[in-house]
Amino acid sequence: MTEILSLAGANLISPIILSFALGLLAALARSDLTIPEAVAKGMSIYLLFSIGFKGGVAVSAHGIDQTLVLALIAGLVLSFVLPLLAFGLLRVMTGLSAIDAAAVAAHYGSISIVTFVAATSVLNGRMISSEGYMVAVAAVMEAPAILSALWLVARSGSGEARMDPGLIRELLLNGSIVLLVGAFFIGAITGEKGFAEISAFIEAPFKGVLCLFLLDMGLIAGRGLRQSRGVLGMGAVGFAIAMPLVSAMIGLGIGALIGLSLGGVVLMMVLCASASYIAVPAAMRVALPEANPAVYLTLSLGVTFPFNLTLGIPLYLAIAQAVTGA
Amino acid sequence: MTEILSLAGANLISPIILSFALGLLAALARSDLTIPEAVAKGMSIYLLFSIGFKGGVAVSAHGIDQTLVLALIAGLVLSFVLPLLAFGLLRVMTGLSAIDAAAVAAHYGSISIVTFVAATSVLNGRMISSEGYMVAVAAVMEAPAILSALWLVARSGSGEARMDPGLIRELLLNGSIVLLVGAFFIGAITGEKGFAEISAFIEAPFKGVLCLFLLDMGLIAGRGLRQSRGVLGMGAVGFAIAMPLVSAMIGLGIGALIGLSLGGVVLMMVLCASASYIAVPAAMRVALPEANPAVYLTLSLGVTFPFNLTLGIPLYLAIAQAVTGA
Amino acid sequence: MTEILSLAGANLISPIILSFALGLLAALARSDLTIPEAVAKGMSIYLLFSIGFKGGVAVSAHGIDQTLVLALIAGLVLSFVLPLLAFGLLRVMTGLSAIDAAAVAAHYGSISIVTFVAATSVLNGRMISSEGYMVAVAAVMEAPAILSALWLVARSGSGEARMDPGLIRELLLNGSIVLLVGAFFIGAITGEKGFAEISAFIEAPFKGVLCLFLLDMGLIAGRGLRQSRGVLGMGAVGFAIAMPLVSAMIGLGIGALIGLSLGGVVLMMVLCASASYIAVPAAMRVALPEANPAVYLTLSLGVTFPFNLTLGIPLYLAIAQAVTGA
Amino acid sequence: MQTHIAKRVEIVIEAPLERRLTDALTAAGVTGYTVLPVLGGSGRSGQWSRDGQVGRAGMVSVVCLIKPERLDGLLDAIFAVVKKHIGVVSVTDAHVLRAERF
Amino acid sequence: MQTHIAKRVEIVIEAPLERRLTDALTAAGVTGYTVLPVLGGSGRSGQWSRDGQVGRAGMVSVVCLIKPERLDGLLDAIFAVVKKHIGVVSVTDAHVLRAERF
Amino acid sequence: MQTHIAKRVEIVIEAPLERRLTDALTAAGVTGYTVLPVLGGSGRSGQWSRDGQVGRAGMVSVVCLIKPERLDGLLDAIFAVVKKHIGVVSVTDAHVLRAERF
């Protein structure tokens, strides 16, 4: 326990977390500090390209693990199933309507790539290696949760989910999925040689860019929290802490079961525990326009994201270490 | 021949080419992946500044070659003359109107700085040095082709080219020319000492930035191809492959004649073979508004650019090696 | 004297200064070279974050100097007092109205963080260390001058300064102050360990980014000068050279008095001598809309900024060395 | 200069719906439209700003000049897209040059 | 499609005043507004462009659709903010869908 | 609030022609104009988007408020610039505050 706390403490005073905190505080204090949209998008493109590429390089170096296919299938299934769990919890813990609950559930079945990146950073800092293909698992888990959520709405009969033919294509060919998977393949094809060519770009400045990106996330989360004050009850906030914990345990079980390494198990836990705030919100605006964005954005970006970033990741790591005995 | 193929093969699986391919595929598959305009412009400013600066540093290190003036004059003349060749080929090979043919010709007389940069990358990878002032030659070749094209239109009597007094100044003081030449002089003045100060910025991440920039080029080329499907006949596409080959041979002859090194000859071939898709299109919108942008953009960015990037550069290098016996 | 000149000469041919000159010339020649707003803002965020962070790291390494509090108080007082001096000089040297004079005075009491950064670069190049907390002094000096200027207007009875309750909060929570101070604290908390994590981002490419940023400053200054030709008399231009010299001497005295190191004294001189052109202009548009932006922007960005960048910094360094005998 | 009467329809809509809206416009026979960026705004669903956003967040403004007789069909097409969504639609009388384009 | 008459008010104002203007609009009972970016322009105070700017420089365009009867109060509120500042205010007759929103 | 009648002229034009257009406006005696960015659009010359572009590509929207009596001269000046180019010109009746500015 003290070890977990000291781990969490060490994590808390990294430049990455403190940058997020700075953004959060600046927004709550109503500073006019902002990062231009184009710069924020540019940084997210950089992060997706780097993380995908590095995953691919790792796969090319270590070969395709026998668990690769299992991990992909597990990710797919989890992304379909976790929303059902989230929906159930929300109906019990909160008074959200079926539509709002389904929209929130879609976010928690999907993943947050920045949380994934932050976890990779922590693992690297502790010299814990992980399977390179976990970024492919991340890509696979982005979209399915949205379909589960739409199915939940249809089943509950409480509104028609807008499921036009274009939506599925949009989900699958979503820019961030394409970039992540594409960079993964580029990394896998060009391998260590390709990595050597561009590592001064995708590796060296990575953590620094992540700091500025998290500053921006903090600003957005802070502005969201300020505007949605009073929208959420204690039940909803409780859900946003309980859900990642429960999901992480499920991820732990599945990860251990399919034989991932310690690092891989932690990343699987983080994928399960994290909630989307980029791809899914846009999809919800198209497919479930009646759902209230203030609810799902505040829970995902305002509560779960900082929770995972600060306490969640070190906790998942500690638990995984205890369980796998590594 | 097998050597050329293996060279081309090695070139094809570099992160740079694969990034272009990723963009192309994403656009053809209608993914919503996009790079913000400001980020794309920022990257192009970075690339122009870096390449210009490095050229200047090389000149300051190796002194001014006796062939410098010859190379500049050759570039100038080629940029004026190549459009005439292109125009002739187009009138023979395609059914394009005189105006469209002239607009296309202007693109092929001018140059593509990104193709030039990619060629420099390939040369560096093979440890082949080249004259630093070739970037100055590139700058000199940007604009003259436009004047030739306007003269072709005037001569053919098929429409009035809009040649207002502001146009020449705009062409000469075009942002990319000013930046390239300005950075060249800064590099030449500050030399190795200046390079040491900023090489962590302009050298180390260069290839990585080039990857993301080519991703963007791929996206734009792919979207252009998708929209202009059916606009172009086989003759036009044939021109877009034949023209760079013919131009490269002319560049080879001239480059060898004025005594450039192997690397310099290859770069001269690439300058001749490449077609503009940034400066010239904007000038055409002003000076030849009746010309159809879909035609010249598709040929230049959709056919010739990928051709040079993938097959052209290794081919020109192999030919130059065979001819110069290096 | 010859030493000062050779120092200035060496300074003048650095890539940083030449980039500024390139921007200036391009704008005066009416080139269409521009840097997108989002990219310029992104670079300024990067520079503020880096400089703040590095200052904090320096403080964490060297401990809190006993002069820290004195330096902060000195900065605060100077920022309040320098506008009074500037206002007096302006009323004597120029025919500017009280309102225009007060607006200009606000700029000269505040600081230019880019001039500060350039000075740090020069010091680093000469291996002269300085107190890390000088960035905190810079932050403290950003806003007070504005209040002095408003008081000057109110006292002169020549117009009502718009001092609504929101303004003070806006000044204190201004994005650049928050970012600079926030990054300073992150650096101070994470120390050398944090620095090691992100130095490849905030240290290695720093000078290169500064070049592109100064290119942009040159473009803006050049466009401003071109448009405001004829707005300013010789008196105003004389003020824009005299004021930094006088302020630097005051900074020298105060800096030596409170016991700053040679580097610290030079930075204090530079803070006093430099004039704001980002935070203060925006505040003036809100608080003193009748003041003419062409006047204060041209003086601050078009005259004083290049003066400090080229001649001022080496001069202040030489004087400080002569006076402190270092 | 000869001008022709027309209607200027302006639709402020969430960015994720942009393609659906422009597809609907095209299907309704519109010959052209222009998309303008939006920095931020406020409405019944609260205040928002584009700053720092990463996804396809925010809104866009789509402006469409049409012949007056097309207005009714067009509004129906627009309404089918926006009806469940936040956003506003306004119509102004206008005159255009080069009527053959509309 | 049923439309309702409205006024479209467009205010081009310096960016540092944006918050003050939107606060004034809200205080005047406006139910919504949209902020558009401006690239550059020209007026009595000269020409300017957004390119390369770093601070909260430049201008924005704030568009506000309102019920006609609110116009007078609104213009007073706007004028209180813009009177000493550069910028322009224009009003156009418009029709809107979904009148209940305004 | 006292308002004055005016015309609001909106010109969507290719970005490389922006300076020529604004020069023509100035030559025609216009006292001001505002340039808005355009994200993309569609017309007879096909669909386009600003995303990822590097050159002076794309279009801009130039808005110009003028006294009604200036309209004819202005439209002639505009037409001289845009006639061979893609783009659209529309005119709306408007009211402005502070007529002395126009």
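Points to keep in mind about this one:
Letters are used for the chains, namely A, B, C, D, E and F, taken in the order the chains are written, and counting of residues starts over at 1 for each.
Here, a contact is a pair of C-beta atoms (placed from the backbone, for glycine too) under 8 Å apart; a residue touches a chain by one contact, two chains touch by 3 or more.
Since this is a predicted model, take the numbers as computed values, not measurements.
Listed by label, the chains touching subunit A and subunit F alike are B, D. Shared contact partners of subunit C and subunit F are B, E. Relative to the C-alpha centre of subunit D, the farthest chain centre belongs to C. Of all chains, the one whose mean C-alpha position sits at the greatest distance from that of subunit B is E.
Once the centre of each chain is set as its mean CA position, subunit B and subunit C turn out to be 41 Å apart. Once the centre of each chain is set as its mean CA position, subunit B and subunit E turn out to be 45 Å apart. Per-chain CA centroids place subunit A at a distance of 34 Å from subunit D. In subunit D, the residues touching two or more other chains are 36-37, 56, 92-93. Contact of a single residue of subunit C with at least two other chains is seen at positions 32, 34-39, 41-42, 204-205. By the document's touch criterion, interfaces exist between A-B, A-C, A-D, B-C, B-F, C-E, D-E, D-F, E-F.
Taken in their complex, subunit A has these residues touching subunit C: 13-15, 18-19, 22, 25-26, 29-39, 42, 125, 204-209, 211-212, 215.
Residues 1, 3, 6, 8, 22, 26, 31-37, 60, 65, 92-98, 101 of subunit F are the ones touching subunit E in the complex. Taken in their complex, subunit A has these residues touching subunit B: 36-39, 41-42, 45-46, 49, 53, 169-170, 173-176, 178-179, 182-183, 185-186, 189-190, 194, 197-198, 200-202, 204-205. For subunit F in complex with subunit D, the residues that touch the partner chain are 12, 36-44, 59, 61, 72, 75-76, 78-79, 82, 88-93.
Touching subunit E in their complex are the following residues of subunit C: 34-37, 40-41, 44, 162, 164, 166, 216, 219-220, 223, 227, 277-279, 281-283, 285-286, 289-290, 293-294.
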